[in-house]
Amino acid sequence: MGEFTHFNEQGHAVMVDVSEKSDTVREATAMGRISMSQECFEKVKTGGMKKGDVLGTARIAGIMGAKRTSELIPLCHILNLSKVMIEFEYIESACEIEARCTAKTVGKTGVEMEALTGVQVALLTIYDMCKAVDKGMCMKNIRLLEKTGGKSGVWKAGQEKDI
Amino acid sequence: MGEFTHFNEQGHAVMVDVSEKSDTVREATAMGRISMSQECFEKVKTGGMKKGDVLGTARIAGIMGAKRTSELIPLCHILNLSKVMIEFEYIESACEIEARCTAKTVGKTGVEMEALTGVQVALLTIYDMCKAVDKGMCMKNIRLLEKTGGKSGVWKAGQEKDI
Amino acid sequence: MGEFTHFNEQGHAVMVDVSEKSDTVREATAMGRISMSQECFEKVKTGGMKKGDVLGTARIAGIMGAKRTSELIPLCHILNLSKVMIEFEYIESACEIEARCTAKTVGKTGVEMEALTGVQVALLTIYDMCKAVDKGMCMKNIRLLEKTGGKSGVWKAGQEKDI
Amino acid sequence: MGEFTHFNEQGHAVMVDVSEKSDTVREATAMGRISMSQECFEKVKTGGMKKGDVLGTARIAGIMGAKRTSELIPLCHILNLSKVMIEFEYIESACEIEARCTAKTVGKTGVEMEALTGVQVALLTIYDMCKAVDKGMCMKNIRLLEKTGGKSGVWKAGQEKDI
Amino acid sequence: MGEFTHFNEQGHAVMVDVSEKSDTVREATAMGRISMSQECFEKVKTGGMKKGDVLGTARIAGIMGAKRTSELIPLCHILNLSKVMIEFEYIESACEIEARCTAKTVGKTGVEMEALTGVQVALLTIYDMCKAVDKGMCMKNIRLLEKTGGKSGVWKAGQEKDI
Amino acid sequence: MGEFTHFNEQGHAVMVDVSEKSDTVREATAMGRISMSQECFEKVKTGGMKKGDVLGTARIAGIMGAKRTSELIPLCHILNLSKVMIEFEYIESACEIEARCTAKTVGKTGVEMEALTGVQVALLTIYDMCKAVDKGMCMKNIRLLEKTGGKSGVWKAGQEKDI
């Protein structure tokens, strides 16, 4: 682990030079959850199967959000994502919905931010679509699960150093 | 508490009609936290005071992100925000940084999503700027704290119904 | 019917002054169709019911596209849409899918362009999602059906003048 | 012709993985027409030559629209277009204007959507600039004419299979 | 003249609260120039009249740029511009082209930034279209000429205080 | 020096074909200044050191603006910038602030426009943040300083031809 790379020697923000990095396949997966009332949780599940499709809408929003990461995060490089996938899981015991986003590129920088942004926008969309039923929903445990590719290689959550 | 409002009677997603709603002052405050290693936490604090300004950058990103909420969240109405403010607090005991975003408008719909989006983009920017030091950071407890204005009036977190 | 309003007396493009216009409720509905092979048509219908949701995705895209009309059309005013709705109909006899978009605002200019843009982006999204099956799909009959509100009042397709 | 490629095996929308595809020169041409009243048609022609430049504005809008395709179409990959060209033709006999857009890239996916989006935004811009004269204009016959490059090779409209 | 208004008492950037301001007609005009070689200047003039339309393209770009001011300038409020106009003048004696942009709104904040952004994007577009002929072009004298409306009333360049 | 490259033989605007150009490292540096009253100049300097950070905000805005160049400039190609850096210098004798932006890519076209756009957006942001103190600020001397890479090689301001 090293120094912050988004500042130059004067401490000024800079979009760091990646010109010399090689184009390699890079992939990252992030996750996050949104917890809600049981009433709301049941409505999402029912809606997803019968009529109103909360998760279908959130999936599209998350994919589109991931594509716009470099517009939102100031020092993030523009990347041509070669894949974005978002999946959801109902965590029945906790009335939570888990979102996982996998982003992939062939490029010079990693796609951790794109995967995390995809998760965040998907969770925000769930909140938006359900807030008439439950304004107290809480988004949590949003983090990187794994990244591969690039010079630093594989990183997995829960393993305290780059492998 | 009622039904999902983002679907019509056929269960199709719709940006709901707010034409008849009146233009009133509406405000919302949301919060969220990012936890990190002690090493990373210290670097942010030092940087914020001495040179690299992580939180200054995250604040700008959050404000700009809040302004673009309707582009990110599919069924969110376009709003002319009349104020956006983001503040941070160092939670020393937990090596966490807390972000609070207050958004305000004079309009026909609430600004909960704008406040939450401001928090999310600010936290994502902190992650981006610190990820060279700690990829295991976790974003958590992201939720609405309070909203005022509009027909449904005041809502505060922890109070289980609209007042 | 009068003169082009998007040019000044020198013939230069201009975003025309609507400052003096009053804020009234304005609504517009547009339609369009996409024709496709029978094989493709059947796959969309089946997918829509069983698993892959082409029209659900196109609906979200169309709504989001309508919100961005003023970014795409050079001389279009920025509008805070108060409603966007997109509905689809299967035209069995012709293997066509019809999209209808209704947009609404309380503002100083009409929302014809928003309704038409919603239709176009929805149809483009259908094309994108089905092009692996049929690249020969054709978009057609895209036009305004009706507008209400504003000084010029009601206009309906097929009635050759403003009423 | 095969299956829809924008859904995974669970039927969920996904931006498909193109990481393994090779970077090749890919080009696509699309067309579309807008029909209008004779009065309107004459005004566009006169304006185009004497002062107000409807088609010049529509050309710029179409080129800029093509560049933003991936923001509008949910599952479309981001592409660095290497060329965009839009040309118009007056179809005197029918009071129609035909738009043709050619897009080109060196990349991993085709540019059919970019060419079609360029046509659509150009036609919408013509509608916007002329709607004070004729609201009954109709956009039609919008389709892909030809694509080249990539694994599937050449495709031409009117030839019922990939060559 | 007072204090910077874009910082709160802690010195943190904030999008200031304009909720209490009244909606009034506000207008601003800005100008700027680009100087170029005589060869380049002649080509622009000839092109503008005979074939390639540098200024027509720059006008469209400037209008579209003005509409996106709040996306570019971090603490700028979103405004529904009610008018944008850009005009150019050839300054023969100096081989310069002058751009003037007038922006107008009915809203809570002034439109100085929109007028200035319109000028900047128009000048940048001229540079882009001419840079194959002259890379040494220089943009200069970009400033506000006049603003009206709002509590501070009329301001004119060259008059050293608000009137 | 040659002909305008943004028009085809019919004089129509076109985003020129760069498919055949090779991917090389390309870099450009642009500069510009904003002059202001002594009162305003002192406030920026003090603020920059003590509390309100005008230049820190302008730097972030400039970097983000450079990334969006292709959305603003009609015929500009989309580029994946590999580096953006903005630095400021106080010109005490003239009460001016100078901004320099360096942009870099590995791609098929130069990054002059990105560097110039970064400067313009940074200067506009300074104007926005200081306009409560001085509306008479003037942006000036905005121009390309140097470019390297690509077929035309090195260009430096003040040297009247490509080297």
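Going in written order, the chains are labelled A, B, C, D, E and F, and every chain counts its residues from 1.
One rule holds in what follows: a residue touches a chain if its C-beta (ideal position, glycine included) is under 8 Å from a C-beta of that chain, and two chains touch if they have at least 3 such contacts.
Not measured: the values here are computed from a predicted model.
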(request) Any chance you could name the chains that touch subunit B and subunit C both? (result) A, E
(request) Would you mind checking the shortest number of contact hops between subunit C and subunit F? (result) 2
(message) Can you tell me which chain lies farthest from subunit A, using the average of the Cα atoms as each chain's centre?
(response) E
(request) Tell me, please, which of A-B, B-C or C-D gives a repeat of the A-F interface, judged by over half of the contact pairs matching in residue number. (result) B-C
(message) Given that subunit C and subunit D are copies and touch, would you call their interface same or different according to whether over half of its residue numbers are shared?
(response) same
(request) Measure off the straight-line distance from the CA centroid of subunit D to the CA centroid of subunit F, and report it in whole Å. (result) 32
(request) Find every residue in subunit F that makes contact with two or more other chains and list them. (result) 10, 12-13, 53, 56-57, 60-61, 64, 68, 71, 74-75, 79-80
(request) Have a look at which chains touch which and call the overall pattern line, ring, star, complete or other. (result) other
(request) Give every residue of subunit A touching subunit F within the complex, in rising order. (result) 8, 10, 12-19, 70-71, 74-75, 77-80, 107-108
(request) Quick one: which bits of subunit D touch subunit E in the complex? Just the residue numbers, please. (result) 53, 56-57, 60-61, 64
(request) Provide the residue numbers of subunit E that touch subunit F in the complex, in ascending order. (result) 1-7, 10-13, 32, 39, 43, 47, 50-54, 57, 60-61, 64-65, 68, 71-76, 112-113, 116-117, 120-121, 124-125, 127-144, 147, 155, 157-158, 160
(request) Going by the contact rule at the top, pick out the subunit A residues touching subunit D in the complex. (result) 25, 56, 59-60, 63-64, 67-68, 79-87, 104-106
